[in-house]
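Each of the next two complexes has chain A plus one more chain, namely chain B in the first and chain C in the second.
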Partner chain A sequence: MKPEGKRLVWNEYQKEIANDNYFYVRSCVRQNFFPAAEKTFLRYMKEMGRNVFENPSHTTCSGIGYHSDIVPFETAMTMVARQFALMSEAGYENFVTSCITSFGLYSEVLETWEHFPAVEEKIRGHLRNATGREFVKPKNLAHASDVTFKLRKDISKAGKYRLINHITGNPIRVVEHIGCHYSKMFPSKGVGGAEYPYVLIGMIEEWGGEVIDYPERRHCCGFGFRQYLVKANRGYSVSSSKKKFDSMKPYKPELILTNCPGCPMFLDRWQYAISEMEGTTYGENGQGIPVMTYEELAGLILGYDPWDLGLQVHQVPVEPLLEKMGIPYDPAKKFLDINGNSMGKPKPPSSMKFY
Partner chain B sequence: MEHSVIVIGGGVSGMTAAGMLAQQGFNVTLLEKEAETGGHAARWDRLFPDRKKASEVLDFIRKGMSRVKVITGITVVNITRNDKEFTVVTRGQVADGGSQMADIPHPASCIPHPASCIPHPASCILLATGYELFEARKKEEYGYGIYNNVITSAELEDKFRSGSPILTSEGKPPARIGIVHCVGSRDEKVGNLYCSKVCCVTGVKQAIELKEMYPASEVFNFYMDLRMFDRHFEELYYEAQQKWGVSFIRGRLSECAENPDGSIIVKTEDTLTGKPLKMTVDLLVLLTGFVPGRGMASISAMLGLTTGADGFTNSADSHTLNNSTEIPGIFLAGAVKGPVSISESIADARAAAIQIEVYLNSDKPGND
Partner chain C sequence: MIDFGYTLTRDRQFDYDRGDLRYYRLVRSLEPSIDLCIGCGSCSATCSAAQFTNLNIRKLHTVIRRGDTTSIKAGLRKCMFCGKCQLVCPRGVNLRNLILALNRAIEQLG
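Now for the complex of A and B:
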């Protein structure tokens, strides 16, 4: 493989990302899957001196319903228009989304309005009739991974740990997985384009890790909306994830890094499911391959306590990675809540090594 | 007075037309931006459908060029018109005749390097600027420039021409080879809706040549549909299947990836069986199509010529005035107007030369 070839592609997909004053909208599912990821983003943004504003009245963008064929596009556009109205009312113009599918939907809506101004006018009418609100379109639209990418050097500078095995001195081997709706729909809207996105690679490289490319890198994580949401289709979901794990295994990855709500969920949970179904594990010595969001990884780099990052709710234990990076953790506190009370301890898996 | 003709472009079309016009007694200067004439054909080993050496075709054309003044390694920086006469200003190294022209005053329009600018007077101009090959890395999903064993059809010809064995980047003879048709052609995603015409038969020719080199290898051609439009093409396609066992799979590749051993995974759909297909090849050859020549945009702007939506230059009429333009004295030949084969380029160049001769010998000059 020729890395210089990828760099040529990356150079063609540069993206403007606002530097400060963001209006932040959350994902409707991430807080259930990886509960501290969004909180961590807000924490390090504050530490980096950036102003991020949230309006508690914001709702789902409806992208999950739109991409599951149950919410019509016109409804989705009106929901998006309301989010923009909240941003306008708060005096912000830089819109940042936590969710990749939201980012894709916002991009699609803005692009639709760009090409079909009459549709924008119609949606403005819908919003006005339903809520009395008006809105100004964002000056800058970014995904929170774009913003973290922009701050990757600052995070590295302020960081306490690096993606380096503190015993061997070798870089941690990382595979990255980008959510489909980040740049596959609009390559120019993602850092690095659609085929070889750079947004996570830039973080991995900056924080000391080694990026691994593998044949099924572009393949679906296993979510794919209807292949999971329709219960009868879930065999497709787990087989998609398995295809990726089988493909990446020969490269001996030590971490999977993601930027989408669904991807870390399925790459994490299905490793457990596959280990229970057929006894197969994909990490070293019966371990799984830890899966993280970029916010969680940024939190580790910055020295946040792993249990404050919510890493104890991952199905694949993260301890092997913490030990390689030399990050201290207290096993006794793993399943304690914020008040020090026990949250209950999950039943150990039958095949995957448990901590 | 002896008429002067400037031919811009030293590929097959430009060389052929220049030679014919010189033989008719015109004072012909051929301007070529590269260091050598021959164009893309100089890079090719053997030609479809009869496998004639490209060098033999070029040698034949060059034999007719003894009276042509050839200037290579130059760029056209300006073209001006004064009534029925033109001045073509070039910049760059002068390989032939430079000392003769050094005393000619430099035109003010040649900036920022006036010292190297040279004007060439002409009664008419033939534009034979040809084409470029589609930049394969723009089809990012195929991994050209990233995966070591993804090459272009032109690079395969380089290897054929060198006479050295075709090997993978790991130095092994390829056991399975994929050839991808329509790379950069008939592809809305890259903005090229047109067919590049010669890639289909080139893919068939190259498949046979690979089988000749490695009879035990498996060769797969991935195509949308095969356009065997000219004489003997269909026979070559049959030969590839019946004599050489080349497989033809109707399906466009969705993506490629690299295995740990450097081999290439291709994903496509076999649209004849309606099934997705994933397979591994040791070498993947991309049949890159034609795109308009980079230099032609500036020349068109200088002359006020129009181009089609495909970017190739428009003739005055695609049926009856195919070598003429809307501007009297400006003519076209070859792939400047769109994809053509070498034999078509030669025929078109000869037609252009005749048109120019008629134009220059006419008492009342006009296009055609």
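Now for the complex of A and C:
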């Protein structure tokens, strides 16, 4: 099979992404994993002149419980209906999610209602009985990475830095990893479909980087919900991540870019765990491969301070990438909080290079 | 090294591009009915030797087709040639001759 032909087929998988006035729902876990990612999204959206509305009453979409076989689908649909009700009450019709699993669940619920209108009516009844609320379905559903993809040229224009090694002039070699729930369940809901999702590639190319292809590119990051949530199963999770690292290592990636809450968490944390379990590191000279969310990378491109982006809480140090891109940073401020007080310094890993 | 309470599991993915298909080709030349197998496992289910040993005819068939030669020899000599596998095979694979052909392949290829 000719890969060019496949790419051509998947090129047809494009989606409409609203241009302004978004109702934004946060992830229930991301602020613990990468604390400034969502804040950074809101920051550059404001700078790009876009209106993003948040309602602090919104809850988890329950996708994490649904995919862990804890929350039944009917309950999940009712919770999703409540989120839509909050959007309708605020007068918005473009729904943007921070989380990939939320995006997958919202897509699944809307698709279910499309094919089974009686189920939608039933859920409307559940919501009415429980909260007295009504809702209008969103006119446009997008993930925050879709919106960032749409704004990638504006970000590039306003940017101070590029994904280019400022010493050699070569593009930074980037592995992109798309969350499974972005387009593997509903290929038509993602930019570029399931096999060649273009959402992160578009950003990398626009910002000057080089995208790396490797055999296990579409393999799961290892989160897999039940693989991780039960401690006894975590060997499956870390082994899945290791499979990806082993596969990408020969291509010498300098950055892993992700658009899901779980993927950056596991591709980042498991590099540390593997280094402690068997002494293996996957970057150059005993370093790890830095892992970033698209918001953090957009923030770097736009010249935000790396420590304002929360990059100090990454398990794999990001300094090698900052140095390659020529982004200045103050090592003395790495572990200071917003008021200049020390947050405490983590114990250096035994195998991975620490800064 | 830190013990986190879980371990890395060895990757069991098999790379078909790296398989050693010499055994498969030789056995197929001696017993072409090997290609009729649908992997139903009736042979293994009725195998007299499998009750007491690690002989597993279906597994043998699988590893030969994959070119995974490391486990071909396991249990092969335990076959008693009773022929029950051949009686139940829904595809009419000549299993006794298959075992003989495999023994011959091992003699030739090591």
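Here, the second predicted complex is superposed on the first by the 346 of 355 C-alpha atoms of A that agree within 3 Å, B and C clash if a C-alpha of one lies under 4 Å from a C-alpha of the other, contacts with A are read in each partner's own complex, and residues count from 1 in each chain.
Note that in this section a contact is a pair of C-beta atoms (placed from the backbone, for glycine too) under 8 Å apart; a residue touches a chain by one contact, two chains touch by 3 or more.
What you see is a predicted model; the values in this text were computed from it and never measured.
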item	value
Which superposed partner A:K137 touches (first chain B, second chain C, both, neither)	neither
Contacts of A:Y236 with chain B and chain C, given as first, second, both or neither	second
First, second, both or neither for A:P250, with chain B first and chain C second	first
Partner chain in contact with A:L8 - chain B first, chain C second, else both or neither	first
Chain B versus chain C as contact partner of A:H126, first or second or both or neither	neither
Which superposed partner A:D213 touches (first chain B, second chain C, both, neither)	first
Residues of chain A touching chain B in the complex	1-2, 5-6, 8-9, 193-196, 213-218, 250-251
Chain C residues touching chain A - in the complex, by the definition given at the top	1-2, 4-9, 11, 13
Sites on chain A touched by chain C in the complex	231-236, 238-239, 242-243, 246, 273-274, 276-279, 350
Interfacial residue positions of chain B with respect to chain A in the complex	137, 140-141, 143-148, 255, 257-260, 265
